[in-house]
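Labels run A, B, C and D following the written order; every chain starts at residue 1.
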């Protein structure tokens, strides 16, 4: 059963140096506040996993928390590049970042395999691209019935998955809706999980399109209103598109970036 | 885009002698009326596919519509055996019925593979049971990363899938909720599909737990209120458990069964 | 009056009631239980109504955390979806919930069972192609038996059911003996208990052979031996089950009175 | 006044507008289109606002049948979920919707493209391990390029973009030539059109090499050749695009004014 914890305690307990960590979210419900707490707690040598590493991963990478990135699309959606990510790959600043690169379809199926207790997943993917040349864990597999060649990718099993959701009840059952991405799979695939929520309520009223993560598959829940800003929580906030556009300028220069992080992340507590 | 048709026209157009036909539904939303129309139209030599063949398959089998059954559990849930199914297997009455037998997990994954455009699915299943000895299309497959042995089953691709749902809009978009079983996968896996619905409405109001089948993946929709009786449509009716209990007696004897079918299926039109 | 099954004319409880109560007691509060229909469903709902209010019931129809206030007739009655914490698709319940080993206890019945807890719900007599009795088949059982952390079998004990060799292995217990589950790659623990109308059988720690470890009040070792199609081993530490309490019996009878009720 | 881009000082429309309009015209009403963000999203929404009101927009965030009344900045803006016919999980959108070949048209952009329509959105210059420019990477593109019934590429034509050899094959067009898609087991038809700010390229029926088949009003073959990093083939039947209509331009400008609007 999930315990209700503070964000600082949840990160301190569940995320350790060297861990494989997935902070998932597909544009919607990105756990920014949790990422900031990881930065404040000074975690190092993380293997960050995510389909769409965006601004929060740019921040984690730029602050030197990560040594590896497993991903399928690393950009600022609708804006352009992630400058800290590029600087790490192109110039190893502030530290070297090893990449393991996939397609969305491959990453999604890797989480599905992890959630399903299978060691691998099968898909039609990657064929003819240069990805298998640089990513060793993409292999061919043949259908035992038709002989057709398909692609296999290994299961993802993060040490810990962190997601943001709209609500939890006091027993720790979690409810999210809107674009729910790959969050259910990422939580079920992980050994441990932390969910930040907009609010803890007495009862989860059913909502169309909801995904429920039962308390018994979640390790801890932290109430962090606004915890996905500048991403959003459908029904609670809208995406702060201006922030994403503005990040392009902030993140372009190392010093500007550091100063911004000092002021907006390091010098503030949980309630940024 | 799905066309709105009458049940009789839909069955006449979409279900032919010799077809592989899945009438899916997991206790809830079982397309009884469509099955009765198949019986009235005198289809023969069907390969019937379903995880849980129940009373409607007992009726189709007893009326001689089927030559093959692909399934994982053939009983009257909570009541006992299906006597017409047993009579066909044990005594070839009214005609010989060839079985292809799986587990639920295997059948569910076969539909998933069909819906996903893959030739097979991988699961942890069947191992150590006698099923692979009698069902040729269960094979071992090894993980290309760990070498672990798992089980592969081939995709199901019915010629036609028939399901019942609560609602469709006038454009043919279908909405179902409650226990939605494997119906989405069964429709997406099929070459053609027919959906009977409780009602056709102007607009599909969102409902918690809903599954939407967009019009562009459905071949035809027929409005058949009560079309799942004695099964049920959440929000419209409740399961007629007395009927299921009573079926045990009706179906035990060949003559009683035939008389019941004459009176309640053959001699009535669509509006049974 | 001392606890016991009463007189033959007026039992205080039936053997089926004792069996169901014994099964319900095995379910710890807060655990997750994969529930088949029939006796397993009755026992699981009895547990929820008595000592295990937070027992998580998983039905293969996709109902997770169902809290029915009456007994469903099928695993897909509306009351299950109405009261579930969430309803997921059937592929999801097997792939995301059962297969990875998230479920603590799988509750299964059987038409035949052998001394190593292998179960048959497929065919009896004749051959597979031409059976004497065609049963419903596998359903979810093979993977429940393979993947739940432990399995509890609830079944009436008769020589027709407790057989030396099952006619078809639908669900694997301990296969052919120690090491077989590991060899087959089955990750769940296998049948920990077989609860019958006469008592309880548990696997011998060494041989894994099902051994009588408990008798229900009023039942005898001789009865159990007569109801078993193999030479039944009896534990040196044979104990007697506590009889059903008034609370258990009242809750059970209230539940069974609602079986399949429509509203 | 005859159609054309106006004078250099006061074009009636920009080259980007012409490109977007040309792309939107390729979308037939009632078909399903897998939409990437940026120019593809603008073109698809323009089509929906003009000649194709029943175009089904599929976003990789899981929004099926989205009907945004303003342009989303990302593929996951709330307006997409709010207006979608249904929102499915990301694994589902790839496995149940894209992979089986249900989507008629995939709309893609690229940082580099070669004469056989292979696309690069991964790295430019240097090596993969030590690139000159690290781009966002694959996202959904490899499987969109593989599985949609046809692919339309929307990209500005420059010598840096239209290259002889892409530095990384992120998404396969026609591979190394005729027969290559079949050999690789790619079931979609591949790039049918490349729509640029200068005109339209289509694969030669025999060689599959991208060939200039259309020029936008005001653009010249010489411009197109200068903007292409390989010796550009020009169709014998070169035609000129119809200029944007007032209806198209009005709708496009109304749309772009809403880009990323929060309410």
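One rule holds for everything that comes next: a residue touches a chain if its C-beta (ideal position, glycine included) is under 8 Å from a C-beta of that chain, and two chains touch if they have at least 3 such contacts.
Predicted model only: the values in this text are computed from it and were never measured.
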If I rank B-D and B-C by number of C-beta contact pairs, which comes first? B-C
When the C-alpha atoms of subunit A and subunit C are each averaged to a single point, how far apart are the two points in Å? 41
Taking the mean of the CA coordinates per chain, how far is subunit B from subunit C in Å? 28
Need the CA-centroid distance for the pair subunit C / subunit D, whole Å please. 58
Multi-chain contacts only, two chains or more: what residues does subunit A have there? 112, 117-118, 123-124, 148, 184-185, 209-211
Contacts with two or more other chains occur in subunit D at residues 86, 95, 99, 147, 187
Could you list each pair of chains that touch one another? A-B, A-C, A-D, B-C, B-D
Of subunit B, residues touching subunit D in the complex: 1, 115-118, 173, 184-185, 188, 210-212, 214, 216-217
How about subunit A: which of its residues touch subunit D in the complex? 26-28, 51-52, 71-75, 77-79, 81-82, 85-86, 89-90, 101-105, 108-109, 111-112, 123-131, 133-134, 148-149, 178-182, 184-185, 209, 211, 232, 234, 238-242, 244-245
Please output the residues of subunit C touching subunit B within their complex, sorted ascending. 37-38, 60-63, 72-78, 80-82, 86-87, 89-91, 94-95, 98-99, 122, 128-143, 146-147, 168-172, 175, 180-181, 184-187, 260-263
Using the touch rule from the top, collect the residues of subunit D that touch subunit B in their complex. 30, 32, 56, 64-65, 85-86, 95-96, 99-102, 147, 187
Taking the touch rule as given, give the residues of subunit A at its contact with subunit B in the complex, in rising order. 117-124, 137, 139-141, 143-146, 148, 150, 152, 154, 206-210
